[in-house]
Amino acid sequence: MRLIQSIDYAAIAPPMIVAGAGVVVLVADLFVGRASRRAVAFGLSMAGTLAALGTAAWLAVGPTRRTLCLPDGCSYVADDFALFFQLLFLSVLVVVLLLSVAGVAQDRMPPGEYHALLLWSVSGMLVLAAARDLLGLLVALEVVSLPAFVLVGLRRDDARSAEAALKFFLFSVVATALTAYGIALLYGVTGHITLTGIADALGRRHAHPGAMSALAAAAVVLVVVGFAFKVSAVPFHFWTPDTYEGAPVAIAAFLSVASKAAGFAGLLILLLQGFRGYADVWGPVVAVLAAVTMTVGNLVALRQWQLVRLLAWSTVAQAGYLLMPLGVAATAGGRSDHELHLAAQATLTYLAVYAAMNLGAFACVTAIGRRFPRLAINDVRGLARTSPLLAVAFALFLTALAGLPPGVAGLFAKVVVLRAAVHGHVTWLAVVAAVNTVIGLAYYLRVAAVMFNDPDSETAGASIPDATRHRHVATSAGVAVAAVVTVLLSVYPQPILDWASHAATLAVAH
Amino acid sequence: MTGADVVFGLLGLVTFGAAVLVVTARNVIHAALWLVVSLGGLAGCYLVLTAEFVAWVQVLIYIGAVVVLMLFGAMLTRAPIGHLQELDSRNRPVAAVAALATAGVLGTLVVTAFKGAYVDIHHTAIGDGRALGGAVFRYFVLPFEAASVLLLAALVGAIVLTRREI
Amino acid sequence: MHLSLAVVLSALLFGVGVYGVLARRNAVALLMAVELMLNAANLDLVAFDAYWRDRLHGGQVFALFLVVIAAAEVGVGLAIVLAVFRLRDTSAVDELTELAEHEPAQVADVSG
Amino acid sequence: MSHWAWLIPALPAFAAVVGLFASRWLPGGPAVPAIAGTAGALVAAVAALAVVEGDPAKVRESAVPWSPIGGITLHVGTRLDGLAAVIAVMVCVVALLVQVYSTAYMAGDPRYSTYAAEVSLFTAAMLLVVIASDLFELLIGWEVMGLCSYLLIGHYWQTEGARAAAVKAFITTRIGDTGFLFGIFVLGVGAHTFDISGVTRHAAAYPHTTVTAGALLLLAGVVGKSAQFPLHVWLPDAMAGPTPISALIHAATMVAAGIFVLARLYPVFQAAPVALTVLGIIACITMLGAALAALADDDLKRVLAWSTVSQLAYMAAGLAVGGWTASVYHLLTHAAFKALLFLAAGSVLRTVGTNLMSEMGGLWRAMPVTSVTAAVGALALAGVPPLAGAFSKDGILGAARERGGTLGTAVFVVGLVTLAVTAAYVTRLFVRTFLGDYRGRAQLHESPLVMTGPLVLLAVFVVALGLPVLPHSYGVSRWLDAPPGTRALHVGIGEVALTTVIALVAIGSVALLHRRRPADDPVAVLGPVARPLARAFYVDDAYDVALVRPVRALARGVVRVDSGGVDAAVVDVGRTAGFAGGLLRRLQRGNIQGYLTGLVAGVLVVVLSVSLAVAR
Amino acid sequence: MSPTLPVLLAVPAAGAAVLAVATVSDRVARIIGVVTTSATLVVSVVLAARFDYGSGAHLQHVVDVGWLPALDVRFHVGVDGISLPLVLLTTLLTLLCAIHTVSSTPEPGRPRQLLALMLLLEVGVLGTFVAADLVVFFVFFEIVLIPMYFLINIWGGPGRRVAAVKFILYTLLGSALMLVGFLVIYSQAGSFDMVALGHAHGAHISAGMQLLAFVLLMLGFGIKSPMWPLHTWLPDAHTEAPTVGSVLLAGVLLKMGTYGLIRIAVDEVPDGARRVAPALAILAVVGIGYAALACLGQRDLKRLIAFSSVGHMGFVLLGIATLTPIGLQAALIGNVAHGVITGLLFFLAGAVKDRFHTSDLDELGGGLLAKLPMTGGVVLFAAIASLGLPGLAGFWGEMLAMLGAYSPGGGSSRPLFLTLMALAGIGTVLTAVYFLAMLRRVDFGLVADRWRDTAMRDVAVADVVAWTPLVVLAVAIGVWPRIVLAVGESAVSGLLR
C-alpha cells in the first residue's frame, strides 16, 4: 500500500491553477509599485482564470478523469458534472473580475488580497464540484466561504461592510456546525465517511430499524443545511439581503451567482448521489422549501426600494425556482432515474442561464452605482434617456430574470424547470411557481419601467450625473459579456441544454 | 456499567457543566476559562474513546491556540471584564426554548437509535498519530490540500481585515 | 462503554451551543458557543469511530479537520469582530442593525 | 327568367350608397338617385308581377351558395312568386310616392341627403325581405329595416322625443327579433336548410313540438315588427319621425314585413295550430285595444299610428283564421289608404305646425285637396264600401265566421266591435281636423303639387283597389294564389251589409256628437274612461316599472360590483401580496440573532417532521 | 419548406430592430414604420394568395426545423384555415395603426420607440398565430407582453402605470398557468408538436390529466380573452392605453386567447374540453350579460367599448364551448369581426378623445353628428356593426354562436345550452340597448355649450385611410361571410373529428 494517494495532476489542474494564481497575485503584490498594483493583480488573476478555463475546457473534451481514489470510490472526479460547474465558476469569475475593477478602486480595497481571496474562494468551488466524499465537500465548502467572509468585509472604512461580514460569518459558521453535526450522525448511522459508503448504507434502508431511519433522516436534513444556506433557501436565507447590501457589489454578484451555484453543486452531489435512498424524505422537504423560498423571496422583493436588496431577495426567489425540479422526488413517479435526470438537467440549465442574467443585472447595478451610490430604484428614473444601452441591457436582464421576452433565455429556463416539475408530477409546485413568476415580474418590471419613464417633474430639476464621466471600461465589458451570453442563450440554448443533460448523468449513476 | 462508563460519565459531567457556564458566565474572560475546562473535559473523553491523537490536538489547538485567540479578541474589543448584564441579549428565553428543543430532539433521536449500543474500547483501533497520519495521507489527501488553502486564506484574511493601513 | 453516554453528551453540548449562539450578544462569547457546537460534532465523530472500529479512522480524521476548520474560522471571525469594533465601537451583535429592512426615508437620512 | 330579380332590392340599395357618398357631386342633388333607384325598383317589380301573372303559386328561385357555416351551407338568392311580386310592387309604389312627396316635405332640411339615402335603404331592405330565398337573407333585410326605422324615426335627433322614440323602436323590435332568430334556428336546424322553400316544404315533416316552438318564436319577431301586443309600444312613439317616414313605415315597410313573413312562412304556421291560436288571441287584443287607444288620443299622427296597430291586427287575425288571401289583400289596401292618410296628415302638419287636433279644425276650407283625399282614406279605413279597406276587412271577417269555433267567433265578434270603434275614431279624427272652426293660429294654405299629387294618386288607388273583388272584375287570384288549406278571397254580401251598417251608425253617432257641440272633442262623452284610453291602458308605464327601471338598476349594480367586487378582489390580491411582503420584511430586522433563531427553528421543524414521518 | 412565414416574421422584426437601434428622425421613423407594416401586409397577402383553400384543414407554408432537440422543441410554423384570417387581420390592423401614428402620435411623442414596440408586438402576435409547437407558441405569446406594457405605461393616460401593471401581471398569470397546462400535455403525450398533438387528439392523455390541462389552459386563455370574471384588467388597460394600443389590444391581442383555446385546448385535450365546456359556456354567457349591463352603466367611452369587448368575446367563448363546427366557425368569424369593428371603434374613440381631450360621456355631452358629422357617422356605423346588425360582420359571430348552442356538441346538456342561448339572446338585446344609449348620448342631441365655439377638425387623411378598410371589411364580411367562414370550414371540422 502506498503511503500517499496517487494524484492525477491534470485532473486537479483547474483548482490548482486558480489557487496558485492566488498565491502569485499575493506575492506579486508585494513587489510591484503602488500605482500598478491594481492592474497587476487584475491581470494575473485574469490570466490564471483564463488558464484554468482553458484547462477545464480541455478536460471537458477529454475522457473523465478520476483521482485520489479509495477502494470504494474516488475523492475527486472530473466528470461532465464537475466540469460543467467548473466552467461555470470560471466564466463567472471572469465577469466578477471585470466588475471588481471599478469597486476595488472606488472603495480602496487592497488589490492583492482581494484578488487572492477571490481566487481561493473559486478554487474551493472548483474542488467542491469535483469532490465526491463528505470531508472533501465540507472542507471545500469552507474554502469557498472563508475568503468570502473577508471579501464581504473588505470595504474597510465602511461599517456596513463589516456588519455584513459578521452576519454572513456567524450565519455561516452556525450552518457549518449543523452540517458537521449532521455528518457526525450520518457517520454514526452508516459507519462510513465516504459518499459512496454512505449512499450504499442509506440505500439498504429496509435493513435499518425505524429509529435508525429517523436518525438518518434527521442527519440528512442537517447535512443539507450547510448547502441550503449557500443557496439562500428559506429559512436559511436571512443573511442574504443584509450581506449583499453591505458587500462590495461585485462580491454580492459573486455570492449570488458563484456561491449559490457552488451550493447547488453540493446539493446535487449529496442529494442525488449520497442520499438517493432517502429521496422520499428529502423530496417533499425540497419541494416545500422550493415553494416557500420562491414565495417569500418574491413577496419581500415587492417591497424593496434599493436595487441591491431587491436583487438579493430576487436571488432568494430564484433559489426557489432552482430547487423546484429536485422537488419531483416528492412523488413516487418522480424518483425514477429518468425524472431525476430531467430534474438535474433543469436545475443545471437554470443555473447557467441564471448565472448569465443575474450577473448581468449585478453588472448593470455596478455601472449604475458609479453614478448613484445609494442605488435607490427611484434614482434610475429616466436612465434610458441618459444611458440607453445600459438601460436596455438592464431591462434585458430583468426581463430574463422574470422569464419574459425579450429575455427569452429566462423564459426557456423557466420552461425547463417547470417541465421537470410537471413531468415529475409535482404539478402543484409548478402552479405555485407559475403564480410566483407573476409576483416576480411585478418588481422586475417596476425597475425596468422606471428606467424608461421620463423623470417626474419634481425630480427633473435635480442634476443627473453626467453619464459619460461615469462610464467604466471594465464594467461595461462585464455588462457586455453577460448581455452577449444572455442573448445567445435566448436564441440558441441548445448547447447548454445538451451539456446540462450530460452533466445530469450524475443523477442516474449509482 | 464499566469503569470506562464511570470515567466517561464523570468527564462528561465536567464537560457539560463547564459548557453551561461558558454560555451563562457574566464575564467573557470567565466564559473563555470555562471553555478551557469544557474542551479539556472533551479531550479526556477522547482519550477514553482511544482517540489519542485527536485528544492531543484538542488540547494543543483548542486550548493552546483557539481559546488564547479568543481571550485576545475579548480584550481587544474591550469586552466587559466585570459582571455585566449586557453579555446576554433579550433573546434568552427564545434561546432557551430552542436549545432545549434541539437537545431534546437530537437526544431522543440518538438515544432511541443507539439504545444498548456498546463501544468495546479494548478492541478498537487506537487512534494514535501514526494511524491518523496514515489515514490522512492514504485516504484524505484532497481535504488536506484544500485545508492548506483554507488556512492560508484564513491567515491572509485575518491580516487584511485587522491591518490598519493598506 | 455505552455509546449512549457519548451521544447524549454530544446532543447536550450541541444544545448548550445553540443556546449560547442565540442568547449571547457579545460576538466573542457567541463564537465560543459555536465552538461548543462544533465540539459536539467532534465528540460524536470520535465516539462513532470507536463504535464502528473504523479502520480508516474516518471519524477521527474528520474530527481533526473540523478542529482545523474551527481554528480557521475563529481566526477570521475574530478579525471580523475586531473590524466591526474598530468601526462601530461595539461587539454586541444585536446593535448591528444598520443593514436591515428599512424604509427609504430612514436610510436616506443615514446616507445624507 | 327571374335572374334579374335581385335588381329589385339592389337598385334602391345602390341608390342609398350613391346618395350617401356621392350625392353632393350629382346634378339635381340627393333626390335624383333616391327617386331613380326606387323607380327602377318599381319597374323591375312590375316586370316581376308580369312574370308571375297567371301562375302566382309557382316559385321562381335563383340562388348561389353563400357561405358554409360549419356543416350547413347557406344560399343567397331570390324567390319570386305572386306574393313577393305583389308586395314588391306595393312597396315600390308607396316608397316612390314617399320619395317624391319628401322632396317638398323635407325641403330645406340640412340632412335631406342622408334622409333620402336612408329611405332608399329602407326600401331596399323591405324588398330584400320580400324576395329573399334564405331565412338569414330575409333576416338581414328584416334587421336593416329596423336600423333604418331607428335612423329615420330619430331623424330629428335634436329633440329628446325623437331620440327616445328611435331607441324604443329599435329595442322593442329587437326583442322580438331575437325570438325570430331563434325561430329560424329551430326551423332551419330541423329542416337542415335555411332556404325558405326548404323550410316550407319541410313544414309538415317537423315534429309537432319543433314546429310549434319555431312558429311561436317567429311570431315573436312578427309581433315586434308589426307592432302587435305586447310589443306594440314603439309604433305610436315612432311618430316623432318625419311624417313621410310614418307613411313608409306604416304602409309599405317595417310593419308590413311582419304580416308578409307570416304569409310567406304560412305552411309552418298551418302546421302549428297552437301558434295560430296565439296569433289570433294577440290579434284580438291588439285590434280592439289599439282602436280604443286611437279613440282618445289627441295627437293626429298617434291616432293614425294606433289605427295601424289595429289594422295590422286585422291582418294577423285573418291569417290566424285561415283568411290568407284576405289578409294579404288587406295589407295592400291598408298600404294604400294608410299611406294616403299619413301623407295627408303630413300635408296638414306642415301647414298648421302641430300634431294636436285640439289646435286644428276647419281646415277643409284652406286645404280642399288634402281634405277630400283624406276623406277618401278615412272612409276606406272606416270600412265603407266600395273603397278598398271595406272589402278586404269583410274578407277577413268572412274567413273568421267561416272558420267558426271559439277562435273564429272571437275574431269575428271582436272584429265587428273594432269596426265600430274604428269608424268612430276615424270620424272623430276627420271632424276634429277638417270640420268645425280652426282652433289654431297658423297661416293656412294648401300644400304644393308634389305633395298633393301623391295624395290624389293614392286616393285613386284606394278606390281602384276596391274593384277587384267586385263581381266579374279582373280578380286578385291572377297574382295571389291562396295556399292549400286557406280560404280564397270571398266577400259575402251579408258581411258587407253588416259592416256597412255598423260603420255608418258609428260614423253617424260621432257626427251627431260633433254637430251638437262643434267645439268639443267627441271623446269627452266617455268621461273618465277616456283617460286610460288616452294613456293606452298604461302599458308603457308598466314596462317602465317592470323592465326599464330594473335594467337600469341592474346596470348600476353591475358597475358597482365590477369595481367594488370583481376588480377589487383582483386588486386586493395584489395588495395582499404587498402586505404579506411587508409582514415578511419584519422578520428581517437586522438582528443576526433573530436570523439565527429562524435558522435553528427552521432546521428543528424540518428535522422533527422528517424524523417523525420516517419513524412512523 | 416555404420561406413565406419566416419572412412574415422577419420583416416586422427587422423593422423593430432598425427602429430600436438607429437614431433616426421622427419623420423617417414613421416612414419606416408604415413601410415595414405595409411590407408585412403584402407578405401576408402573398401568403393568402398562395394558400390552398381546398385543404384548409392542413398546415401550409410549413417550416419545420429542429431548434432545441433537448426540449423536444422544433421551430415549427404554418398556417391553416383557422389562423390565416387572423394573420391577415393582424397585419392589416398593425398597418392601420402605423398609419394612424403618422397623423397623431400620443404624448409624449417618441414615434420611433412607439413604432418599434408596435412592430415587436406584431411579431409576437403573428408568431402566436402561426406557431405549430407549444413552446414556440408560448415564446411568441409572451413576446407581446412587454411591448404592450410599455405602450400603455409610456403613452397612456393619467392612470397608465397602474393599468399597465395590472395588464401585464394579470395576463402573465394567465400565460404562466397556460404554460403549466402545456407541460401537463407534454408530460402525458410526450410532444410539444401541435400538429402531432392535434392528430393524436388527446390519445395517451388520461381523462383526469385532460381535465387538469384544459382547466389550466382555460384560465390562461380566459384571462387573455378575457373571460368573465377574469376580465378586470381589460377596461383599465383600454381606458388608459393610447389609441393604437387599444386597437391592437382589442383587435389582435384578445384573439390570441380565443385562438389558443380553439387551436390548443379544444384540439389537444378534447376530453377535458367536453367536461369543462358547460362551465365555459356559463361563464361566457354571464360575461355577455354582465358586460352589457356594465356598458349601460359606463361613463367613459373607451371603457364602454372595452366592456363591449368582454361581451363580444363572450360570444366567441360560447361558440367554442358548444364544441360544434358551427360554434367554432362562430368563434373564428367572431374573432375577425370583433377585431375589425372594435378596432374601428377604438380608432374612433381615439379620434374623439383627440378632438375633445376627454372620453367621458357626460363631458362630451352629445351632438357629435352635428359637430363632427363624418366622425359621428362612422361612430354610428361602428356602433351598429358592433351590436350585431345582420348584414354587418358582427352578426355572424353572435348568430352562429347561438346557433351552435342550439344543438351543442360534446355530449353537453342541451337544456342548459338552450337556456344559455336564450340568455345570450337577451344579451344581444342589451348590447343593442347600451350601444343605442351611447349613440343617444354622444352622437345625437345638441352640441354641448362648452364645445360649441371650439374649432375642430373632423377627419384627417390618415383617419380616412385608417378607417376605410375597416368599414369596408365590416360590410364585406357581413354581406359575404364566406371570405372568412369558407377558409375555416374544413379546419374546424378537423378539430372536432
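By written order: A, B, C, D and E. Residues from 1 in each chain.
One rule holds for everything that comes next: a contact is a pair of C-beta atoms (placed from the backbone, for glycine too) under 8 Å apart; a residue touches a chain by one contact, two chains touch by 3 or more.
Please read these numbers as outputs of a predicted model, since none were measured by experiment.
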{"item": "Common touching chains of chain E and chain A", "value": "D"}
{"item": "Starting at chain A, fewest touch steps before arriving at chain D", "value": "1"}
{"item": "Required steps from chain B to chain E (each step between touching chains, minimum)", "value": "2"}
{"item": "Relative to chain C, chain with the most remote C-alpha centre", "value": "D"}
{"item": "Innermost chain by mean C-alpha position", "value": "E"}
{"item": "Pair of chains with maximal C-beta contact number", "value": "B-C"}
{"item": "Taking each chain's C-alpha mean as its centre, the one farthest from chain E", "value": "B"}
{"item": "Centre-to-centre distance between chain E and chain D (centres being mean Cα positions), rounded to whole Å", "value": "36"}
{"item": "Averaged-CA centre spacing for the pair chain B and chain A, given as whole angstrom", "value": "31"}
{"item": "Centre distance in Å when chain B and chain C are each reduced to the mean of their C-alpha atoms", "value": "10"}
{"item": "Euclidean distance of C-alpha centroids - chain C vs chain E, Å", "value": "62"}
{"item": "Junction residues of chain A - those touching two or more other chains", "value": "135, 138-139, 142, 146, 149-150, 153, 156, 165-167, 170, 174, 178, 181, 185, 188, 211, 214-215, 218, 241-242, 300, 303, 442"}
{"item": "Contacts with two or more other chains, residues of chain C listed in rising order", "value": "7, 10, 14, 17-18, 21-23, 25, 27, 31, 42, 47, 49, 51, 54, 56, 58, 61, 65, 69, 72-73, 76, 79-81, 83, 93-94, 96, 98-101"}
{"item": "Chain E residues counted as touching two or more neighbouring chains", "value": "169"}
{"item": "Inter-chain touch pairs (all)", "value": "A-B, A-C, A-D, A-E, B-C, B-D, C-D, D-E"}
{"item": "Chain E residues touching chain D - in the complex, by the definition given at the top", "value": "166, 169-170, 229, 231-233, 290, 293-298, 324-330, 369-370, 384, 389-391, 395-396, 399-400, 402-404, 406-407, 421-422, 425-426, 428-430, 432-433, 436-437, 440, 443-446, 480-482, 485-486, 489, 492-493"}
{"item": "Residues of chain A defined as touching chain E within the complex", "value": "345, 399, 404-406, 408, 411-412, 414-416, 418-419, 421-423, 425, 427, 430-431, 433-435, 437-438, 441-442, 445-446, 449, 452-454, 492-494, 497-498, 500-501"}
{"item": "In the complex, chain D residues that touch chain A", "value": "574, 577-578, 580-582, 584-585, 587-588, 590, 592, 594-596, 598-603, 606-607, 610-615"}
{"item": "Touching residues (chain side chain B, partner chain D) in the complex", "value": "89, 91, 94-95, 98, 101-102, 105, 109"}
{"item": "Chain C to chain D touching residues, read off their complex", "value": "18, 21-23, 25, 93-94, 96-101"}
